[in-house]
Structure formats: C-alpha cells, structure tokens
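Next, two complexes with chain A in common: one pairs it with chain B, the other with chain C.
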Partner chain A sequence: MTEQSHLAVRAEDSDKATVLCLTGRLDGTNTAILEAAVAGHLEAGETLLLFDLENLIYISSAGLRVLLIIARKMQAQSGKALFCGFSEEISQVFEVSGFKDVLSVYRGRADALAAA
Partner chain B sequence: MSAIRILMVDDELDLELLVRQRFRRRIRKGELEFIFAHNGKEALEKLEENPDIRLVLSDINMPVMDGLTLLGQLENIHPEIRAVIISAYGDMENIRTAMNRGAFDFVTKPIDFNDLTITIDKTLKHIDTLQQALQNRDRLVALKQELEVARHVQTSSLPEALPEGDDFDIGAVMTPAREIGGDFYDFFSLDDYRIGLVIADVSDKGVPAALITMVTRALLKSAARRHDSPGACLAEVNEFLSQDNEACMFVTLFYGVLDFRNGCLRYSNGGHNPPRLIRADGAVEVLQLTGDLALGVFSGHEFREQAIDLATGDALFLYTDGITEACNPVNDEFGEGRLDELLGGVPQQSSQEMVQSAVQAVEAFADGADQFDDMTCLSLRLQAFRPAADG
Partner chain C sequence: MGDLAKHVGDTGVLSIDLSPDLNEALTVLAEVVERFAEAEAVAGTVPFRLNLVLDELVTNCVSYALRDVPEPQLRLRLRRCANVLVAELEDNGPAFDPLTEASTPDTTLDLDERNIGGLGVYFVKQFAADAEYECVDGLNRITLRLNLEADDND
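The block that comes next holds the complex of A and B.
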C-alpha cells in the first residue's frame, strides 16, 4: 500500500528565478522526491524559487505541508517561494485549506515573475 | 564485549595447538575463543553447553559422527548457527554435499591460515548482520503490537455511544488507511440545548498525525467549554498548534454548534472540506467556507463564522477528503459530485445508515484499489426542535 505515486520535478532556469515544474501527484508517498529536488537550490542559497503546478493533477494535505515547509525555509534564508499554474482541482485545495492566503500564489509564470 | 566463541570440530589433535598458536593475539585480546570437539557427537554436546556459539568449523571425515551428518543435525537443531567445512583439497563431491546441507563456506586442507582468517571474519560478519536482522524483526513485531494498542486507544477515544434522542440522531464512522489515523470526529453536549460537532484531518497519516489528533481534540473540547463562539474556539486551538510547529503539521478542522431550540448551526471552518446540509426533500447544500486557514499554520489568525438554519428532517454530513479523494483502479476520484448525488438520493435514512452507505459507496467505487487516506464521516439529523424551558 506504500506504492509511490508518480511525481516528476523538472528545473528550468529563467532570468529571475529557478522554475520547478511539478508533474503528477504530490502526496505522502512521494513528498521526499520534491524535498530532494529542492534541497540543492536551498543549499545554494537561491532567493527565488517558482513552482509551476500546471501539470500537477493532485495534491494531498501531506503535499501542502511540504510546500509550506519549503516556503518557510526560503523565508528563513531571506528568499521566497512562489507558486503558479493552478488547475481547477489544485486551486480548490488551496482555496478550501486557506493556503492561497499563506503561500505566494499567482496565476501564471509571467505574473509571478513580474511580482517578484 | 565478550569474546566470540567458535567451535572447531576435527579429530586431528595437532590442529588445536596450531589454531591456538595462529590466533593467539586475538584470543589474548579477548576477541575470539575457540572450543574444540573431535567428532560430530562431541560437537553437539559442546553446543549444548555453550548456547552462544554461532560459528562452527568442521572437518568431514571423523569417527563416531562425521561432518556431513553433523551439518544435517545443525540445520535442524541450530538453524541460527553457520558452519564452515574443512575438507581435503579437491574433494568436490563432499564439498558439494556440505554446501547442499547448508554449509556457509568451506576451506581446504592443508589449512591456509590466511584464508581461514578471512573466512572466519567474513562468516562472523554475516552472522552479525543476520542477528541484527532478527533483532530488527523482533522490534518490528513489538512496534506492530504497540501500534495495535495505539489503534485501540485512538478508537476508544472517539465518542463511543452515539446519543440518540427523540429530536436527533447521530452516525459516525472512521476508517484509517493505516493502523492508526490522522482524522477524528467528535461531538459533545454544551448545555441542555446545544451540541458541538467536530471533524478534522491532520496533514499526513500514521503515528505523528495520530498524536496531533489527540492534542487537537482535547484542546478543542476544552475551548468549547469556555467560548460560545466557534471562531474563538478555533483561534485558541490554532494558537496552541502554531507555537513551535517546526514540523509544519497542520489540521483542517470544522467546528459547528447546533442549537436544538431553533435549528441554527453556527460554525467556523479552518480549511476543511465544506460539510453538506441535506434538506428533508433531498436537496444538498454546501456549507459555505468561512474563508479560514487550516489550524497550526499561522499564529494570530482570526477565525470567522457563518450560520445556517436547519429545519426538522434536515441532516448535516461532515466528512474528510479520504472520502472524496478515494480513487478507483484507473485513478479517477470519487469526487464531490458522486458524494452529493449519493447524499441527495437517500433522504430520511438514519444517520448511521447514511455514513455507512457513504463509506460503502466509496469502497465499491474504489473496487479494490488501495485506500490511501483515512476516511471519516459524521452525520446528524434534526428530527424536531427542542422546546426551551420557561423563563
């Protein structure tokens, strides 16, 4: 029952920030994949990480928790984590849980980078 | 650390001297201790006397009981022991037989002591790994037993007897995905006219989540005794949970207070899936979010409230996302649409029947796919208003 859900994290460089594109499902079985993918960027002291969730089809509360942990870690080193590209399902999860008011949430990449 | 005991079985008496000589440093240091036997039968006796022996080095050709017979006995009586066979050079037939009877390795005569040392150390390392694995297995069994006890504690901490009156009935069910869950429900009388209803879901599952459920439930029940306002209760619990919350564990929690005198439900929703109100005619309404945040995320958050009026025959249905996010084998979600359809289709069921039919519908939908999240629901139907006492 601990079969891992599919999650792929792809890093893209843009002018202002590293963009991390999440594809698949983010839940308790695979949060370690995201944490590992982010660890290097945190250690390198990057100040801006943009998470593009456009191809994320599902996020569980354990997944939200990891996003919160990442946002807090970025904050602790005077950086910022931004989130964009919400499908209807994902944006509903952010709406219901109230996370849209806690995390820095934008419609698309351009909006996020313009605001950064 | 006490010396590792090795049993050496050989009918050549000179070997004893030779071994003591070659390994004298390690014997003196207290690392190794050799015990000697001269045939298989004697070896078995020595093993009886020294139950801590894990490594046996044995010759094949010996009087009384030979090495191959000894191997067969060891396999049955002392499966934890590893045996290394010492055989004549080139005696492949006996070596094959020995290996088939479970020998771990072999060395050949005349003994090359460098090779013997390497073989002994390699075998001891293997035995050590094996013992650690066995200890881990025992610890795992003990942990599983503890989890079973924890599951019992958790289940019995939920309100047990479902109260039933002429004017309402309650149904509830919690089905954890693992041994213990990160969901909980609760209900409690606040006074003669009001009942508190709670449903909550801790981020993540298993033991860490279960610990948070116990704390949250106690905090909320305590706050509910002191504050009439559901928002104030959530704010108080949120303050406790947000302090030093480095693990970023959070709780989505819905708390409502139903007044039986007029059917008014006041509630605050800390980031939880909105409960449903099922009207007596089967119409399903969503309890509007109060726009609040899950508990434990942000200290200082002020929680808002909403109110909605129940008429007699109306039912409330509170649930966690394990219900709506349950997937079938092709990864479709059960979803809120199916839930609402189900709830609207069964008006006037008893509350217990309602929660059970919801869980059964989800399980039928999942069609054998693994349950990934805890499933919990709580339902209350208002049968009649409760007249206020005079004065």
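The block that comes next holds the complex of A and C.
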C-alpha cells in the first residue's frame, strides 16, 4: 500500500507568468506530484513560474529540496521561479533554512508579478 | 486512522509504532500529530513544528538507520507536561546519534552553491527547544521538547 499526503497543484495563467497554486502538504511522500506538475512548464521553456503557497499547510526539508531544484532548473534555462503566499509556519521554515535569501520570495501574488 | 484515538490514553500519553515504510510512516505521523494537538488543545505554530522535527527524524531513520535491520522498530511517544510537549522516538537501528554526527548546512550560500540536503537535523535543532540523544537497552532514543506558545497556556 502506498500512502501519500494530499497535494494539489492548480495552474492559472496570468499576463506575465504561470501561477501554480499549491494546496495541501509538500513532504517526502509526494514531491513527485509537484515535479510532474512542473515538468510540462519547464519543457515548454516558460520563463516565469510563480508558486502561490497560500493554501500549503505543511512543508518539510524534502519539499524545500524540490522547490530549490525547480528554481535551479528555471535559472538554468534563463527563467525564474517566484514564491509567494507564506503562512507564519512556512515563512519560519524559509527563514531558518536560509531559502528566503536564495529564492525569489514575495508577500503576495501582486507583489511577485509587479517585481517580475 | 479511525482507531487512532485509542492510542491517546487518559493520561495524555500517546504511543504508536510507525511503519518502516517512509510514505506510511509520514502519513501516519501527520495524522498522529494533528490528533494529539487537538486532544491536548495545542495551537499556534507548535503542531507544525512538532510535525516537522519528527518528520525529519523519522525520514532519516527509515531511509538510513533501519534500512538493513531485519525487524525494524520505530516507536513514537508524545506527552504534554504543563507547557512543554515531549516527543520520544526510539528505533532499533545501529547505535547512531544524528544530532552530533550530522553536519550543519551553510545556509548562506546562493542558489547554485546551495547543497541540497543536511537540512533535516538542522531543523530539529532550530525548531525544538531541546533535543537529546541516548542509547538505552540497545535502542536509539531521541527526546525532543517543544515549548507551548502563550496562547496555549490557558
């Protein structure tokens, strides 16, 4: 029996970027769901992906790793991954890990798109 | 997970054996933390932090320490003592102290240089008030303490 934490990834188009809204948990059981959801956007050569984490209730180091890998892949193809919508808890995780300084982090969707 | 409630006794101590299968262990852990937090009226960021530190230790344990153990055992105990949550994790893998033997990641490197990994134990040290390792009767035991937030002290 394979169990997975719940994670849903919904893509929305905006003028500047594809916005990927994450709902649920991102941990060691389900990072493949996010990788699969992002693969098509990477292959299509999209230059801007905005990850809206507003409805993400949990992330572990395994989840952070996947976000870092995605950000690197985007950078490698001259694109950029942006992140916004942090809960207090996830904000702490980004702070402690130092990912806040490494990744492009914004308060809300509008801030991220305005800076893009 | 409908029978999880029976693991929480009247004394507020929860004890559960976790599966050596990573996905199963992590999904059960999330459920256990949520139910324990509800039962003990723990709110704020504490349930998240408790889940995170246990997730990182369970992941390391199942992925490495217990990988070659014929009859792997991984037991979690949770209890609340006044304004402190105490979590104990015991496994029967080879004696190993992840708290001293894991390297500390450099959190100042940039996107390309940043090493992927080593964050798990660092999170344990940062998000728990206290983490202690001991080897007891041939078992590895890690005891974690998390302080409850002001909102929980009613």
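The rule is simple: the second predicted complex is superposed on the first by the 114 of 116 C-alpha atoms of A that agree within 3 Å, B and C clash if a C-alpha of one lies under 4 Å from a C-alpha of the other, contacts with A are read in each partner's own complex, and residues count from 1 in each chain.
Keep in mind that, in the parts below, contacts are C-beta pairs under 8 Å (C-beta built on N, C-alpha and C of every residue); 3 or more make two chains touch, one makes a residue touch a chain.
On a predicted model such as this, the values are computed, not experimentally measured, just so you know.
Of the two partner chains placed around the shared chain by superposition, chain B and chain C are both touched by A:V96. Once the two complexes are overlaid on the shared chain, A:E88 sits against chain C while remaining clear of chain B.
When the two complexes are superposed, the chain touching more residues of chain A, out of chain B and chain C, is C.
When the two complexes are overlaid on their common chain A, residue A:R65 makes contact with chain B and with chain C alike. With both structures placed on the common chain, the touch criterion links A:Q75 to chain C but leaves chain B unconnected. In the superposed model, A:A44 makes contact with neither chain B nor chain C. Residue contacts after overlaying the shared chain place A:Q4 against chain C, while chain B stays out of touching range.
On chain A, the patch touched by chain B and the patch touched by chain C overlap at residues 1, 3, 27-29, 58, 60-62, 64-65, 68-69, 72, 96-98, 101-102. Within the complex formed with chain B, the chain A residues making contact are 1, 3, 27-29, 58, 60-62, 64-65, 68-69, 72, 95-99, 101-102. By the touch criterion stated above, chain B contacts chain A in their complex at residues 177-178, 201-205, 248-250, 252, 270-274, 289, 291-294, 297-298, 321, 325, 333, 370-373. For chain C in complex with chain A, the touching residues are 22-24, 26-28, 30, 45, 48-49, 51-52, 55-56, 59, 107-112, 114, 116-117, 119-120, 122-123, 126-127. Listing the residues of chain A that touch chain C in their complex gives 1-5, 25, 27-29, 57-58, 60-62, 64-65, 68-69, 71-72, 75, 88-89, 92-93, 96-98, 101-103.
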